[in-house]
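Paired with subunit B in one complex and with subunit C in the other, subunit A is shared by the two complexes that follow.
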Partner chain A sequence: MDKLREKAAALLADGTVTMVLGYEEGTNKPRPVFCHTAEQASKLVYSSQCINNLAVYLTKKDIMGAGKVAVIATIPTLRSILQLSVENQLNEDNLIVITVTDKDEVKQFANFAEIEAYIADFQLKLEGKEQEIINKLEGMSREERFKFWMEEMSHCFKCYACRAACPLCYCTKCIVEENRPQWINPWASPLANMEWQINRAMHMAGRCTGCGACGDACPVGIPIHLLTRKMIEDLAPEFGFTPGQPSKNGNALSTWKADDKENFIR
Partner chain B sequence: METKYISKNGLNEWFSQIVKSGKRVYAPVEERGKVEFKKVQALSEVAEEYIQTTQSIKSAVFPRAEVLFSYEKENGNVKVEDFNPDTVKETVLWKVHPCDAAGFKPLTAIFNWDYTDKLYNAHLEKTTLVTFSCAKADKSCFCTSVNGGPGNTSGSDVLLTMLPDGGAIVEILTPKGEALVQLAASAFENDKGEDKSKYLADVPLAFDLEEVRARLATAFDSPVWKEQSERCLGCGACAFVCPTCACFDIQEDAHGSKGKRIRCWDSCGFSLFTLHTSGHNPRAVQSQRWRQRILHKFSYMPDRLSVFGCTGCGRCSRACPVDMNILEHITSISKK
Partner chain C sequence: MNNNNSEFEPKIVAFVCNWCTYAGADLTGTSRLKYATNVKIVRFPCTGRIDFMLLLKAFAQGADGVIVSGCHPNDCHYTSGNFHARRRWITFRGLLDFMGIDVRRIQYSWVSAAEGAKWADVVNTTVANIRELGPYTEYQKVADYLDKEEYNG
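Let's look at the complex of A and B:
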């Protein structure tokens, strides 16, 4: 921890960066913190309890400012950074990415290519409990699955914490706020909530890196991250990408090729 | 106001008489790892071990989405079917906490401020609150700092304070409460003179509310808003779980020549909340939205409605994905 604080303080003290995004102690677990001065770097903490995906802040212009910033990135954050980079949302020259290795060493990446090489060693895994729900859902008939999600969706009140916590939901105007035409019914009701989640999952197809921030953020406990997580499992073999890593073939929703397989049409 | 005692068996009897009377009863129920208010039939369904429901009970009087009116055009005539208050059912809210009950005062003030809201008042009129004093609290609770307390009676029709014998001290506070008690009058016994304060949670005073209000009066341009809100993601979780947040949007469910106009929850934390048609947004950045949230609750509402817009329930802090802890933020403002 000391090495991390020293590193952040040094970057701020010599003016290399204007801000370091990291974690500080929170009410029950660490939370995001923005260090603007070397003194503030003494608040930084790092542990397996750091679950917020800080990549979500990297596309917020009013928070990031115009200067160079450093971000202390967990493995899920690194995955999101790579995806944001292939979507041309990050300026490599304005971002220093730091992580803390398994051996507690502070590592600063020279560039995004180095991040890609680093995370190749970390396989995207489903937690036992999540795999259990996915297995359960796979064992259901289409009607049963619809019933399961409709029940879950009945709890949704459309606070959009799932969207707000997702590093890849960076649109300044979301499809749910489009009203000419109104693509999705904006009020909270089971079907209107389902419409929103189906859209969210579709927009994440081939882009989601499986960090689970959407599910963690949901205040009413809907396991919505499983929708996008399952999408990764289904798409990765079809589109030839490694789960959690950017696809080299463009993302599934927006890329079309004449020889695309059509075996999904049944 | 009258105080009585009810035994454990008496409580069961009273509850079943309430259900039998045909009133809808909503109570905290544990499901899917969360405790939320739900329609119940039996006392055994009601959750026991929990600090707070994730969501407040405000949806009983201010639903997530509610039809204001529906319309249909036929042969050049428009038929409008307005909201009918007679369709609202008699409802009992069981095991509400004092901080939720206290939320009805600011809600009622908002919905009767410059306009008497027909829908809200129709729900309120048919709602009876059976509040339970809090025996437990957690570090997000701060009711005592916002004019409340774990045994506070504000907003309630009946307040129960549970006793070790499974019975309860019953404070009958309003005619509505009295009418509910009359459904099983024989289940109630004379007050045993127990002091309820012995059975209440300890919620320490965290800040001086008037001090906060005084400091906020000159804090509009303070750097504190940017400092506090940097990590805020701009979702509506805090507003939607809040017992006093009452902002809404009006939406149209139109299908050709007929449709419905729907009122649905909105939040000042959303970036589009204040976006003008021109493209100008007077609250362009999250720090301005966070300032609005705090000033509205702790400055504008007491100024205009003589009631604070926070009951110290701590739900926003618990629901926030990035730990925007309101107690911590208000305490820090009170000390600036």
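Let's look at the complex of A and C:
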């Protein structure tokens, strides 16, 4: 951790970057911190407890400013950074990506290609708990599944924390703010909550890197990350991409193949 | 579920593309083929334009079933609209099924401008299927929440 602090302090002190995005000690778990001076870099921490996906800030111009910024990235954050880069949302020249390896070494990536090579060793896998809920849902009848989700979504009060936490939800005008026509009712109701989550999942289809930030951010603990996570599992074999890897040849829903297989169209 | 299915007339909304299925449905009429009157046709420039939200809106406003139909692959007026649509439906169908929404109520089909008879057949079988399934009360309950001010599963 000292090495990480030294690295961040050095970058800030010699003016290479104007800000370092990282984690500091929080109440229960580490929280994001924005270091603007070398002194602030002494607050930085890094552990497996760092679950916030810092890539979410990289598309926020008011936070990033015009200068160069360094970000301390976990594996899920690296995945998000890559996906943002294939969607042309990041400027490689204005970003320094740093990670801490398994061996506690501080690694600075020269470019996005290097991140891609590094991330290839870390396969995106379903965690035991996620797999358990998915198995449970798949074992249910359709009616039971509907009941499960309606029950879960009845807790939703439309805070849109899932949207705010997601690095790939970077539209400046979201469909829920769209009111000509009003696609999704702005209030929290079973229909509106469900429609919102269906929209969120569809807009993430083929783009989501499975970081789980949406589910972690949900204040009432709805397992909404499973919607996008399940889609990764289903669509990856269907459309031939690797879970957690950026879709370099275009996102699943912005490309097509003449021989896409289906069995439900008459 | 409504047990008295013999009296139940399904409400079906068909989202069709202008160039193939709409023309195909027109041909059904000019060929004087009779088919079920339960279907309300909404014309779109292309299947690629048919947003998945439109299907959900149809269900929310009382449709019991939905038909989505357009040009056969490689026949799209805009070259690739139906290919994009096909990917979207594959994705959407999987998601809906995972969320427990009845995907049997959405019938996708390719009907060309020459397939008037196929259109009649698609509509008739869809109406028969939905009649079998009954009204989509499960979704209606969710959609009517604000009128009733309570939601009981």
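Quick notes on this one:
In the analysis below, the second predicted complex is superposed on the first by the 255 of 266 C-alpha atoms of A that agree within 3 Å, B and C clash if a C-alpha of one lies under 4 Å from a C-alpha of the other, contacts with A are read in each partner's own complex, and residues count from 1 in each chain.
By our rule, a residue touches a chain if its C-beta (ideal position, glycine included) is under 8 Å from a C-beta of that chain, and two chains touch if they have at least 3 such contacts.
These numbers were taken from a predicted model, which means no experiment stands behind them.
When the two complexes are overlaid on subunit A, subunit B and subunit C sit side by side with no clash. Looking at the shared chain after the overlay, A:Glu144 reaches subunit C, while subunit B stays out of its contact range. Of the two partner chains, subunit B is the only one that A:Phe157 touches; subunit C does not reach it.
When the shared chain is aligned, subunit B comes close enough to touch A:Thr27, but subunit C does not. Once the two complexes are laid over each other on the shared chain, residue contacts for A:Leu191 go to subunit C alone; subunit B is not touched.
Judged by the touch definition given at the top, the superposed model places A:Ile75 against neither subunit B nor subunit C.
Once the two complexes are overlaid on the shared chain, A:Phe239 sits against subunit C while remaining clear of subunit B. Set against each other, subunit B and subunit C differ in how many residues of subunit A they touch, and the higher count belongs to C. Between subunit B and subunit C, the shortest distance over C-alpha atoms in the superposed arrangement works out to 7 Å. The residues of subunit A shared by its contacts with subunit B and with subunit C are 189.
Those residues of subunit C that touch subunit A in the shared complex are 52-53, 56, 60, 73-74, 80, 83-84, 86-103, 107-110, 122, 138, 142-143, 145-146, 151, 153. Note for the complex: subunit B touches subunit A at residues 32-34, 36, 54-55, 64-65, 139-140, 230-231, 233-237, 239-241, 249, 251, 253, 262, 264-265, 267, 270-272, 284-287, 317, 319, 321-323, 325, 328.
The touching residues of subunit A, counted against subunit C in their complex, run 137, 140, 142-151, 154, 183-184, 189-191, 194-195, 197-199, 201-202, 205-206, 227, 230-231, 234-235, 238-239, 252-258, 260, 262, 264-266. Contacts from subunit A toward subunit B in the complex involve residues 26-29, 31-34, 52, 56-57, 62-63, 155, 157-161, 163-165, 172-173, 177, 185-189, 213, 216-217, 219-221.
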